[in-house]
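Scrolling down, you'll hit the structures one after another.
Below are two complexes that have subunit A in common, paired first with subunit B and then with subunit C.
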Partner chain A sequence: MEPVRYDDRQKIVRLSTEIVTARRKRNWRKYIYCGLLLFPLVAFIFGFFVIPMLYILYLSFIETKGETNAFYSIGNYVHFFTDSYYLHSLWLTIKISLYTVVVSLLLGYPVALTMAKCSPRVRGLLTLLVASPLLISIVVRNFGWYLLLLPNGTVHQLLISLGITTSPPKLLFSEIGVVIGLSNAYLPFMILSVATSLYNIDPSLEKAAAILGAGPLRSFWSVTLPLSLPGIVSGVVLVFSMSMSAYVTPALMGGANVPMLPVVAYDQIINLLRWTYGSAISYVLLGITLIMVTIFTRMMEKGRYREVFR
Partner chain B sequence: MQTVVNDVEIRGVYKQIGKNVILNGIDLQVKQGELLTLLGPSGCGKTSTLNVIAGFLDIDKGEVFIKGKKVTHIPPYKRGLGMVFQTYSLFPHMTVYENLDFGLSLRKVPKEERKKRIEQALELVKMVGLENRYPRQLSGGQRQRVAIARALVVQPMLLLLDEPLSNLDAKLRYELRAEIKRLQKEVGVTTIFVTHDQEEALSLSDRIVVMNKGIIEQVGTPTEIYEHPCTEFVFQFIGKSNQLEGKVKTVDSRMVCIELEEGVQVLVESKNMMGPERSYSIGDEVKLYIRPEKLTIQEQESEPEIFYYNKYNASIVQMNYLGSAWEIELLLFGKRVQVLQPFVKSDWKIGAEVTVGWNPSDMMIVKK
Partner chain C sequence: MSILRRLRLLLAIISLIYILIPLVVTIPASLTSANYPSFPPKGFSLQWYTKLLERPEFVEAFWNSVKFAFLASLFSVLLGTLGALAIAKYDIPGKSYLVSLLTALLTVPQLVLGIALLIYFTPMLLAGTPTGFLIAHIIICVPYVVRFVLTGLSGFDYNLERAAAILGASPVVVFWKVTFPLIRPAVLSGALFSFLTSFDNVTVSLFMVSPEMRTLPLEIFSTMQDAYSPIVASVSSVVILISIVLILILEKIHGVGKLLGSAH
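Then we have the complex of A and B:
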């Protein structure tokens, strides 16, 4: 190789410093552009989400006595955790959310598995099918279920005419109805998140399991299922938190019989005008959801299959 | 009479996907304890053949026997084989120990023995002390070793390796190649090794199967394949080659004389005929092949003690130093020809006139 001549070296040094300063300038400009582009969204979120949330938090620590008397206290929260009606409502909310998670996981996993196994073209079609309910408003979908599940409605008549039962259970205005409605609404999220993690599994792992002597069931249990855990966890977290905060479905399909917390909070604020207590309920709901989701994900990430989450 | 039992026997295997014929009548026998290599260009059906033996690919026609037992329609998990994949395919959520334990626990081996066998297998591949690592925490070479250990620990009837070294760098590949050969002889397991690297195949195998477009071109030992290729494809695929063209002038049982151009004749041994058609008559158009290292350069009018049947004048066009040898390009009969020489003389320079010679037994001939 030819040695670098002195003036060449100088040129190189000059060039490289030029590049560095140019890059620095450009970076500053880039930050400013980014800031400008992001500003509307940040302002929007701040004004219409962060401030109201803080205001609700503030409200929840105000206790009202009679018409005029108001003071700071944690009385609202004490009231919530000492009144059995609200505790029952909290328990009901958690229970129904868990049922919804289980139902959508059991129904969704096989679909996701099918999507992962089929050819790309069929997969695209299935993805479209799975996501298509999201194109229809949840209110409309719930009304659909409402009609189907009415006492003596289509589902009842079907159950009777098929001879499955003579006195079908109450579907509408019951926990079953709410679970049906919620699972239906949130199934696409479960399917898509499980499917995504299934796509990422190297197909040769199943071959490796097979050649080592694992039949299809064993291979699923020891290889596919553990490796799809990240998708299951994100699906569960999504569906659980959405179910915990669902309002339309419990209100429409559960009515007064299934007082889930969002409905109760709405009732307190809109109908009874107890803004401060309703605010406290909202924050209890938020807190409990966050705690449960955090514990669940921590457990999974520290558990037997922690390696999968890396 | 002693009958040799073949560990694997494949008869007339035919497979078509869509309009694409992937395997077009494969017949293959693998002897007990041997290391057989499937060699061929990309897409020739090596992996498919391996998958047929492993049971991952259903075939349209033909039969597969393993240890004399017909397994054509038996699923992979009941065949009791070991396999190493191109992408290692270690279970990412299991430690090295758990990866090795997977097959053993399925075979209901008692816990104590499992432990012992896993230790032995790890010792064999020099991976002791890394039992509790996850695949993520291993280097490429280490992963490959674990994959081999995982396949061997179940004491398979047959070990299948699908391009196990192709993802590694050259040096590691060389090391692991030698190690696979050692392991295979130590354990004595019948092995089928897939590769598209001819050097790997030549250095590793007891026998080589050269494949092309879904058929087997030739089966033989590495020297047979290299020195006596049966077809033009095998000759060209393995090693480098120079090509000349000419017409048959005379032919007898020992030698064929070929006229390259007016007045220039070369001799080729008759047994070096390649291809399906092996009877030649005068006037046939033929192609001649010779490997660069079979050609020898001499200075003009010197060293009369080395006598070659074929000896011609040529001029040097280019010289490349390869480290272990020199690659010299000559202009011979107006064609560029490559020669591999272990040394060069001081007056061999570009443009120099030299004499090049070769033995009639080193040249291959095939009909056009």
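Then we have the complex of A and C:
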């Protein structure tokens, strides 16, 4: 190989600097394009989501005494956790959300299992039937159940004619009504998440279980169910957190008899105009939901079947 | 067929009925001739539909719903599609933060979002205005659009764009002739999904309304709270029928199940 001559070396240096500047220019252009595309979205989300959320977090630490006297304190939170009315409301919210989770898991699992085991055409139809109600307004779905749960309505008649009870319990404007409304609303989420994890199960595992002598029940209990745990966990988390913060269904199906926390928060904000306290309730709701969901997920991920979460 | 399979099928049918029954009973209930809502309906008449047309607040609420849903879906598709294009294509610092911010937006309950926006809008004089209402609806729709378009772009081959550019197409032509046709299904389903999300919304809307600006679900909500009348059944039936048409279109474009799977 010939040694590189001096003027060639000059040329190489010039060319490479040109390439670098051209690249840099293109990079700059890239950033400008990207910024222009992204700016409206980012500005919108910051302006109308991040800042409002931070603003009410700030407000929740302001306590007002009288008309003009306002100061920083954690008084709103102290008030919440020392007043039995609010604690009872929080407990009621957690209790009803847990009932809703249990009902939707029990009702949802068989559907998800059927969806996983049927032909693709039937699966498509089932998915459409399960998912569509999510796109129809919650007030409409609540009204349907309202009609069925009316005193002496269809469900009452059914309970009496089946001989389950002679004097049916109060269904509407009670905790039962709220659980029915909520589980009806969020059942599709549970079904879709469980079904997704069931689709991912290798069918040869069940065959292997059968070959090793497990009956269908045993194979379900020790193969299918544990392997569907990730779907169950995400469904439970989704349904629980949505139930915790649902406002419309408790207001329509429970009314004043079931003062769940969202109903209380709405009342504080809209009717009593106690914004700082209402903001604190919002963050209590967010915090408690987050803590419970995190503990549950950690427990499942560290539990007996931790392998399936990897 | 084994007993276990039969049992599973029976349970599945029961829960399908549980999901669908509120929608199924509403339509016959709206045809009642009685003055109180009931199921099964008493007699047959269309009186609750003619009464519906005689109530100007329902007709106006219907047009309000359509108008706001249309505008909300238009703006969320614009913001969301542009943003998703940038997120998918460019490797920018802080991208993962932006994506988790969008997830947070989907996770924060609508009740809390409604409270935050009401308190934030009041000093800005946006509370109870059509602008405030629209902004709130865009905020709840836009993360879905971003998700759908990102999913639509996940297998996108950027060499196609480069090839078009090398062949002399300007960036605008590249977008309209190459990129957009490939993500059109995702954009369209984002638009329809946003329309339905906004059309159905109650929780956030409750914090944004003023007496002179109401939507159909809000009208149903307040009628149900004040006086139970079969008119709720006829409005609900109208909402159900409109939603079914839109859902079927959505199913044709993208598949409702797949869409909701990628949304949550």
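Note that the second predicted complex is superposed on the first by the 269 of 310 C-alpha atoms of A that agree within 3 Å, B and C clash if a C-alpha of one lies under 4 Å from a C-alpha of the other, contacts with A are read in each partner's own complex, and residues count from 1 in each chain.
Please note the rule applied: contacts are C-beta pairs under 8 Å (C-beta built on N, C-alpha and C of every residue); 3 or more make two chains touch, one makes a residue touch a chain.
Predicted, not measured: the structure shown is a model, and the values here were computed from it.
Asks: On subunit A, do subunit B and subunit C fit together or clash when superposed?
Replies: fit
Asks: Once the shared chain is lined up, is A:305 touching subunit B (first), subunit C (second), both, or neither of them?
Replies: First partner only.
Asks: Given the touch rule stated above, what does A:37 touch, subunit B (first), subunit C (second), both, or neither?
Replies: second
Asks: On subunit A, which partner's contacts cover more residues, subunit B's or subunit C's?
Replies: Per-residue touch count on subunit A favours C.
Asks: Check the residue A:223 against both partner chains and state whether it touches subunit B (first), subunit C (second), both, or neither.
Replies: In the superposition, A:223 touches subunit B alone.
Asks: Check whether A:113 is in contact with subunit B, with subunit C, with both or with neither, and answer first, second, both or neither.
Replies: second
Asks: With the two complexes superposed on chain A, say which partner A:211 touches: subunit B (first), subunit C (second), both, or neither.
Replies: A:211 contacts subunit B only, not subunit C.
Asks: According to the stated criteria, A:202 is in contact with first (subunit B), second (subunit C), both, or neither; which is it?
Replies: first
Asks: Taking the superposition as given, tell me the minimum C-alpha spacing from subunit B to subunit C, whole angstrom.
Replies: 12
Asks: Touching residues of subunit B toward subunit A in the complex: what are they?
Replies: Touching subunit A from subunit B are residues 54-56, 75-83, 85-87, 89-94, 102-103, 106-107, 134, 136, 150-151, 154, 160.
Asks: In the complex formed with subunit C, which residues of subunit A make contact?
Replies: Residues in contact with subunit C: 30-31, 33-34, 37-38, 40-42, 44-45, 48-53, 55-56, 59, 107-108, 110-111, 113-114, 124, 126-148, 150, 153-154, 184, 187-189, 191-193, 196, 216-217, 238, 241-242, 244-248, 251-252, 262, 265-266, 269-270, 275, 278-279, 282, 285-286.
Asks: In the complex formed with subunit A, which residues of subunit C make contact?
Replies: Subunit C residues touching subunit A: 2, 4, 8-9, 11-12, 14-16, 18-26, 29, 37-40, 78-80, 82-83, 85-87, 89-90, 92, 98, 101-102, 105, 107-113, 115-120, 135-136, 138-139, 142, 146, 171, 193, 196-197, 199-203, 206-207, 217, 220-221, 224-225, 228, 232-233, 236, 239-240, 243-244, 246-247, 250-251, 255-261, 264.
Asks: Residues of subunit A touching subunit B in their complex?
Replies: Against subunit B, subunit A makes touches at 202, 204-205, 207-215, 218-219, 222-223, 226-227, 305, 307-308, 310.
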